[in-house]
Amino acid sequence: MCGIIGIINLDRRRFSGELIAKGLSHLKDRGNGLGSGYAGYGIYPDNPDDWCFHIFFTSEDARLKTEQRLDAAFKVTKKEPLPVKPMTSVKRPPLIWRYFLKIPAIRPTSTGSAEEREKKYIFALVMEINSSGEGAFVASSGKNMGIFKGVGFPDEMAEFYRLDEYRATAWTAHNRFPTNTPGWWGGAHPFGLAELSLVHNGEISSFGINKRYLESFGYHLALQTDSEAILYLFDFLTRIHRLPLEIAAVALTPPHWEIIDCLPPDEKKLYTALRMIYASCLINGPSALVLGFDSGMMGLNDRIKLRPLVAAESKSFAYISSEESGIVAVAREKLKKIRHPAAGEPVIFKYRPTKNQIKPVTNRDGSKTGGHQS
Amino acid sequence: MRHKQNLVEFKIIRDRERCIQCEVCARQCAFEAHIFDADAREMESVDALCAGCQRCVSLCPTRALTVIKNPQEFRPDSYWTKNVLQGIYKQADTGGVLLSGMGTDKIYKSYWDRILLDASQVTNPSIDPLREPMELRTYLGAKPEKIELRSVGKTRKPRLAVKLAPQLRLETPIMFSAMSYGAISYNTITALARAAAKSGTFWNTGEGGFPKALYEYAPHTIVQVASGRFGVHSGYLNAASAVEIKIGQGAKPGIGGHLPGEKVSRLISETRMIPEGSDAISPAPHHDIYSIEDLAQLIGALKEATRYEKPISVKIAAVHNAAAIASGIVRAGADIVAIDGFRGGTGAAPTRIRDNVGIPIELALASVDERLRKEGIRHRASIVAGGGIRNSADVVKAIALGADAVYIATSALVAVGCHMCQKCYTGKCNWGIATQNDYLVKRLNPDIASERLSNLLKAWSREIKEMLGGMGIDAIESLRGNRLRLRAVDMTDTEMTILGIKPAGESL
Amino acid sequence: MKKIYAKPEYCMACRLCEIACFVKHSKSKKIIKAFREERGEFQARIIVEQSGPVSFALQCRHCEDAGCIEACLTGAMTRNPDGAVVCDENKCVGCWSCIMVCPYGVINHDRRRKKIAAKCDLCPDKNTPACVEACPNEALVYE
């Protein structure tokens, strides 16, 4: 089953993690206490340009080994245990540390923009740590964002991670009912890679080929889960193949041939080519997901809508949730445009351009645009 | 002394109570195993001439006939079996190479039968093919690794920026594999062509050329360029939808072909572009392909000759080094790699070669797919697997192992009447399939045969949709290479490693 | 009117049509019994003509300009409302005039009860004539 929810303030105003925790708790029935988690964007305004890694360690030894890797690869600006509240109901948490990292000058041999080169560097490091077998797992690795997840009910995780102390411009959250992999800390959602985060309700039947496809491009699926594969597919298509998010969504959940055959010739050509080229990216079977990225979030359903997904907007907020109840519970303004996205129809909410640009933020395409810091 | 009596393979049992002396059996048997004894006014049968093709049994109006394996046993010996001894007797009689038709009948492990499919339960619903679209459409040909887009208009609509390589569009991932006009009758290839057109798939001319009268089916035709180059001309190449270079055949890897002159009728001579009545001999290798560079040149030449409008396929027999060879073929520019397993059929092959050369398609397919993926060139060519595909489950397993589509031929012939008597090379096919005899070719009515072939494809496609739906998959591409949905029983660890599948009982 | 047509290109001269016709017009309608008890007394009303590999099955063409009707002495040979040419066994006296005029040679003797002319009656009690039904290769069609 699983429950997912995302809330975004379209004006980049930051709001407390309490709100998302409240929303997720309304989807409590969709989980079983074996995993919950939250991803917040814009939570580290003091270190907005540092790559921030949240890492789970099974032991002190694992931490020391991993830190050697980090020291070799980065300039570590700050490192600390992630502040948590010890709770009796939260059993055997791993060691959880937070690192703020700067990438030293990257060899100019690699291609792409500075941003692309940095992300490639981050990707390599995350894959290296997660596949090292040293007992370390990178839970999140983006800039000015972080993922807080583990084994427990939504309210327990929110309390454990002291979510009320964080304020974000966008939050996504997940309440897990694990099926394929036992509930453990790394396996909880959201999954993260660089600035992308993913919460997913579903179980895809195409996992075997999605995984083989990703592996042929150097991805290491540490968790052997379909949700991780979907995140990496988005990373692959948008970062490596530089597809717009909307097109990446088509590659993952393309229309049926009977629809493609009726499109105007140019579109038919495009969609046919997308299905031919990205056949192994198609995610088949039940899925509802919310993808978080640095300029917004996207909701997406599978091709025949085998999982629920609701989207809504208010004056300055937008919401995506498994159930409308989660949205209604947290809406501070009058809700408008409550809708149920069609199968395979991506719902994308992006921050509005702001007038008073206080601090420039680097966009996906490497350009600088204004960000808002409250 | 002569050993002839020991060679009787079948016994014809005639129920005298039921026989009405109508002589249908006598008229239908090209091997002349039945005769009417006019004096005794009784039908007689000669067991020694029987091929076991079951034609008489099928047509006897009173069901008076039964053809069984000759129960006469030699002294039981698990090593020097009846088959072994009979082979020696035959060769001692004739001094000849033993010939057989169809695929090997020797007992080898079938991997298809040791692979089990997955199905969805609870967490991931199965999909009902009667309610939801279930997509089998498949495109064969080279794909780019990534899409190239350009934006148009004020709204910056994305559009495809490059032209893709030519593709074959299949509505079901099953094609009829190469069987030449000459090896099989004109009516049979007509039926194959019609059924391919009706079912949205392709038939393959083999090395028999492409009779002009069948050009109306060209949009569903793959033409072959084989070592004899029979029937190859510019019109032939350009008429087809794709061109296949035949390097080898699963039933007889490393061996050429021989169509005896008596089968080379006027129409066959025209189609193959050889004199009427002359033997058509396909050499074992292409004498202009002694290396992978030579193959690359031929691929290039064929692409030039067809103005880069047709996918070029290269067909090889599944041999030990298939994976590396396939990799070379893809790098040589082929758009499709067809692999033919050792169970593949033939009109005629030396029995010892048919029974002992090559490897199972399951293993070859898995290793080719894995190799191409490891090298990052899997997108540059489609894989077509053939050689012993018996039913829709075999198709599903082949696709999950990594095939884009499969080739079927024996199954297709069985659909139109073949009873696997393995006597194709005699030219006396009682079912009107593997023959050019005027009396016999009429027995295959292409109207009936094409309908039966279409029915077969329809039935298999339905079953594939059911299996896909059961796995919670609604598009065939999500099955392709999805080995996680397969499990092995009764296999060694090494076999499972090669196939890339886990043992039954082990979950994700 | 529907007629039986032969397709020589698919006729393989198995003669199952003749057998089916014989059984259909036998007393017992049971193949083994009919052959055992009635063989020789009457013939099938369809004949497979064969010359080398060419063969086809022939039976009454139910001609529009049917000579047999004109030649019939007793008025036994008539055209029924469906257009088929049929022989009324009660009226037939076995003069064989019809046999002499038939250009196809598809009328023959039936000696079982009295001498009568027997010919294809298109199996009036069946939707598809027995010969067409029995042809394994659709070399006979009824359309």
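Chains here go by letter, A, B and C, matching the order in which they are written, and residues are numbered from 1 within each.
Rule of thumb we're sticking to: a residue touches a chain if its C-beta (ideal position, glycine included) is under 8 Å from a C-beta of that chain, and two chains touch if they have at least 3 such contacts.
Bear in mind that the values here come from a model prediction, so they are computed numbers and not experimental data.
Of the two chain pairs examined here, B-C and A-B, it is A-B that is joined by more C-beta pairs in contact. Measuring from the average of all protein CA coordinates, the nearest chain centre is that of B. Between chain A and chain C, the centres computed from C-alpha atoms are 82 Å apart. Chain B and chain C have Cα centroids lying 44 Å from one another. Centroids built from CA atoms put chain B at 48 Å from chain A. Among the residues of chain A, none is found touching two or more other chains.
Listed in rising order, the residues of chain A touching chain B in the complex are 179-181, 202-209, 211-212, 216-217, 224, 240-241, 243-244, 246-247, 256-258, 266, 269-270, 273-280, 282, 284-286, 303-304, 306.
Of all the residues in chain B, the ones that touch chain A in their complex are 120, 123-125, 127, 132-133, 135, 137, 139, 143-147, 149, 152, 158-160, 164, 167, 373-374, 376, 378-379, 400, 471-475, 477-485, 507-508. Every residue of chain B that touches chain C in the complex is listed here, in rising order: 17-18, 20-24, 27-28, 59, 61-62, 432, 438-440, 442-443, 445, 447-448. Against chain B, in their complex, chain C makes its touches with residues 9-16, 19-20, 31-32, 35-36, 39, 52-53, 134, 136-139.
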